[in-house]
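Working notes for the structure below.
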């Protein structure tokens, strides 16, 4: 018997049909992957399952019984624990308070004991094998990756019958991914159901027993993972075949130096880095959570103060602010880590987001040139295949991957020729990933210089010309193209650890 | 003779209007010339408009142990416990203008009972006991407004021919007066008289904007209002006052008490003369005095409109220029 | 055609509903008291609304940018007193006095903006303090003396009617300023920056938006419009007086909020603010007509504001659509 | 080291700096006028600060919930006039009447919460409107300042249980209450809803429930302030509440609570209220002439806040986040 079954689920948002009569079934004891391109409706389905949204039509059945109660509380009582793609943490509460929210042990005076809460959290982390996150840290002070780990821990804390992981690995680095896949597997083996959503085919293949593919809000089909090839899955998702994920790599770097950093340092996180980024080059950055890559990117974009010196296109500059970084003579643009808090005005239309960083270019006689603006927007939408109802759709209502694309579009709309990509494919579907990689190589070929960090090491290996590995705020290795392999990069991240 | 110099604090609740400014200036002038010259070391403590701040300020003043405190109270009752403490500490306390309810302080004020009585009587008499009028209810919640509203209502009850067709609240503010009168003019095709508690010029402008003829108006004794009244052809008006130099009176009273010549009564109330274009006969309060408006004599087109008339008490000579701060 | 208008018609925006609310109040009162709709009275209402409307231009920008300006009352009052004190009733003097006052007003606004943007003083504290400081400074500079009457030219602008059509001069002043405000808000980079800063400062900063500059400019504009309203208000009152700015504190903010802007920033439009100013003016104008006591008036005033904003509530609309 | 400073500030809900500033101000006052903080003086200071503290307490909770409550202006007034005019009604007894008055405040708060939650309207507008309505009712109950408070109540306002002045005692009770409340589930839910309504909903927080709690507390506190006002002054005023609205919000902000919601606490607010209260004394002791006092008061406030924010910014900058 199916533990979970969904029939004929339909959900509209105004004119947008997110789910269109989709159906789904999963059994206890399996890891069931749900795949589909950006905007296919995966997260919408997850939100309906977990009570965050109410379907317009259709029914959900648990253990053969139709679910009648709605809301997050009802879902929780039914044993469903979601790990949301866009997270559901309260940034003003601590890690411990978030994990046990509503289930805290109370003292006789009905107070929450922070000490007990922290101890319980520490015990949970120990049991799960998580370390490095203090239970009493405020969530707002954590990186996205750490927040994702906390959200996962929170999902696991109540030992649910159905654990839903919606792109829970999108900001995790390889060993954290391994950790999570292991947990998912163990839960399935213990007779629980795990729904697993990811755009990373490798992970899906490693962990999922079965997969269900969605397209445009409809179910395309379900299959045993072992019985279906990658190409076929991708074809089901996209409705077409994908030639290749990674582009062919031709060395396009010239001798011209785009960016040269000497002794670059930020607080205690980045302790003096020297490197050179050349025109036409895609320079990869690898490293574990919190080893300085965030600070590196923020510093180069002018978002945090840094020490050391910087040369851009041969001229020494001290970048004072993101505005300064984006200005004509410098032209450094950042795709930030946290798209919802750093990248997008969620309550503003896609159009305004796309052109926000490029307004000075689109202004004539002090007024915004509407035609030029519309052109930029429509070009980005088609180039990045952003799935929007119209350019006036609010950015916050886009699917996760499409939000990421809007941030990318914003970057490309500027005149910056040094691009800092911090995990640009986070949450992006394979089809678009291929687009983005091809685009990165094209940009490099046309004279851009790109600094590229990814949590997915395969991407670095296949797209970058060289890879710098950061460890404890220093460069522990720089690997040229002919020495690039996942293994080498992983090993280099460890070297620093041993040394430190 | 052997005249001691006294330290006196003036505690002021708010500074945000013309009347209060003139009040403060009158106090300053009163210790520089006339009988009090050189007798008082005056400190003015002003707070911005909250009871709590004035209580704090008074606590600080009491801690400084002055000879006397004169108080322009932001509230008629909230300061009572604090002022009683001041009295208990042997400080002479004089409350003026908006007088407090605490029994201990000496009090100086305009005779509001007579004033509030005479205002509607004049309007009713000028209208020949017949007509539709509109009435300003002043500032909601203020005890002075409330007392005035009650008295006016009571007096008008004796004139069956006078009908109050509308009220507005000016908050003693010119813009609100103009807006209120304009709205009532729009609603009432016939209005024969206006009773404002404020500037009056807003009412005049509202009449003009609505294309109505001038009607008799009672207004407050701003120089600008009196000037407009004297210069506007055909306009009949009566102007009553509540002089800012009450502060000077209060200082004088404090010095008298300190010198050992306290007044017979705890409460001193003065019935000031009223300016008018038309002196009429009627059932006015005892001792009511009406003076004809005369440009240059009791109205000064050359002086600022915000000056409150009259400028000086009889025992002192505050020139209009001094009161206006333009000397 | 104009996209926001057509969009607005398809699913009525809060702004459209705010205008609807204004119209509803106007019609209802006119039926009850026909004189209310008399052209002379309508003109008076427009003039009164114009002052609130002008102050609210700056207030709208500041609120859209995520701040609030509580220094409006005494900035306005200072400008008004300066106008009468410096011109000494001379029309000719207006030529140098008015520009000087407007520049200073914008400058004072900019100081608010500077402290808020660069020194991170919360807007409420900064502008509240600035309000108090301006009050004190005004008395120090003028020693509190009441200034001479307003020059006649200014009186004409504020009170005059254009003879041929009978419309008040102030209507045209307001319309011109409103047009500029709307263009700035919708068509300039500054306008976009303002919404960005009000929506999310971090995103704005990382997108190269001059966050500090935008904030400072918004407060400078607010200073400017408050100052301008002060200058014009002396024309209306024919004099300046202390306390003349006080009524504009809550009305300017309420006009913005009734117009559909979020008080937390990032959304709203001056187009809505205009409706807000109209509603508030209609309310003060209509209340005397009902011959109620101050208390009852306040109850009705609050209730009507609640009603006017409730009809714009999407929740309410959803409820009725379901019926 | 730097990290510990920033985490310390984080743990204080933002009241660390304001408290330091308050002590500096108090130190200056003691320096200029020794003996300013004896028990008697302290009682006076507390008595005059308590009304603001009460109003600001409720405001803090509402702001933590991500809202704002302007209607406290009306509620305070209404409570004060009920206290001052309904005294001659039969069955006069301190406690039932106090309960009734606080109940009225609670109902006003609940009304605010329901309108805000059900119609999804902005708290600012809703409470602006209800402020007007409630103040209107206060004016109907008692058209102007005055009335008389029963002697029992008056005596209560000046009583000294256990030798401690009632205002100091109330302040201590309030702090105890906060020490308890801040650790309850309700407080966490209120913070959560103020931080991010969607996340809070996903965490099974009742958005309406937290609104009712927050505005309800605010209404009760404002009513308590009104009652306290009446017992202190022996009279009621239908308009006095208006004086406390902006200062209450200022106290909240000075105390380090962000108007964006989710953060902050009562410790900071009480600190803020006392800072506001003591600046007047500093200015008095500086012996400035009348008008300069007003300027100085504004300037000191800004300085206080700037000092706080600079120190905080410095400790934040040590981390590279954001």
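Chains: A, B, C and D, in written order; residue numbering restarts at 1 for each.
The rule is simple: contacts are C-beta pairs under 8 Å (C-beta built on N, C-alpha and C of every residue); 3 or more make two chains touch, one makes a residue touch a chain.
These numbers were taken from a predicted model, which means no experiment stands behind them.
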| item | value |
| --- | --- |
| Chain whose average C-alpha position is farthest from chain B's own | A |
| Inter-chain centre distance, chain A versus chain B - centres from mean C-alpha coordinates, in Å | 71 |
| Approximate Å spacing (C-alpha centroids) for the pair chain B, chain D | 35 |
| Interchain centroid distance [CA atoms averaged], chain A/chain D, Å | 42 |
| Separation of mean Cα positions, chain C and chain B [Å, integer] | 32 |
| For chain A, residues contacting two or more additional chains | 303, 342 |
| Residue numbers of chain C (touch at least two other chains) | 132, 135, 139, 144, 202, 293-295, 297-298 |
| For chain D, residues that touch 2 or more chains besides their own | 139, 143, 238, 291, 293-294, 297, 322 |
| Those chain pairs that satisfy the touch definition | A-C, A-D, B-C, B-D, C-D |
| Touching residues on chain C, where the partner in the complex is chain A | 7, 183, 187-189, 192-193, 195-196, 199-200, 202-210, 266-267 |
| Residues of chain D touching chain C in the complex | 68, 115, 118-122, 124-126, 128-141, 143, 238, 246, 249-250, 253-254, 259-260, 291-299, 301-302, 305-306, 309-310, 313, 322 |
| Residues of chain C that touch chain B when the two form their complex | 33, 35-36, 38, 40-41, 43-45, 48, 51, 132, 135, 139, 142-149, 159, 233, 236-244, 246-247, 281, 284-289, 291-295, 297-298 |
| Touch list for chain A against partner chain D, complex | 50, 52, 71-73, 76, 82, 84, 87-93, 97, 101-102, 104, 106, 109-114, 136-138, 141, 143, 266-270, 294-295, 298-299, 303-305, 342 |
| Contact footprint of chain D on chain C as seen in their complex | 70, 115, 119-122, 124-126, 128-133, 135-137, 139-140, 144, 202, 250, 253-254, 257-258, 262-264, 293-303, 305-306, 309-310, 313-316 |
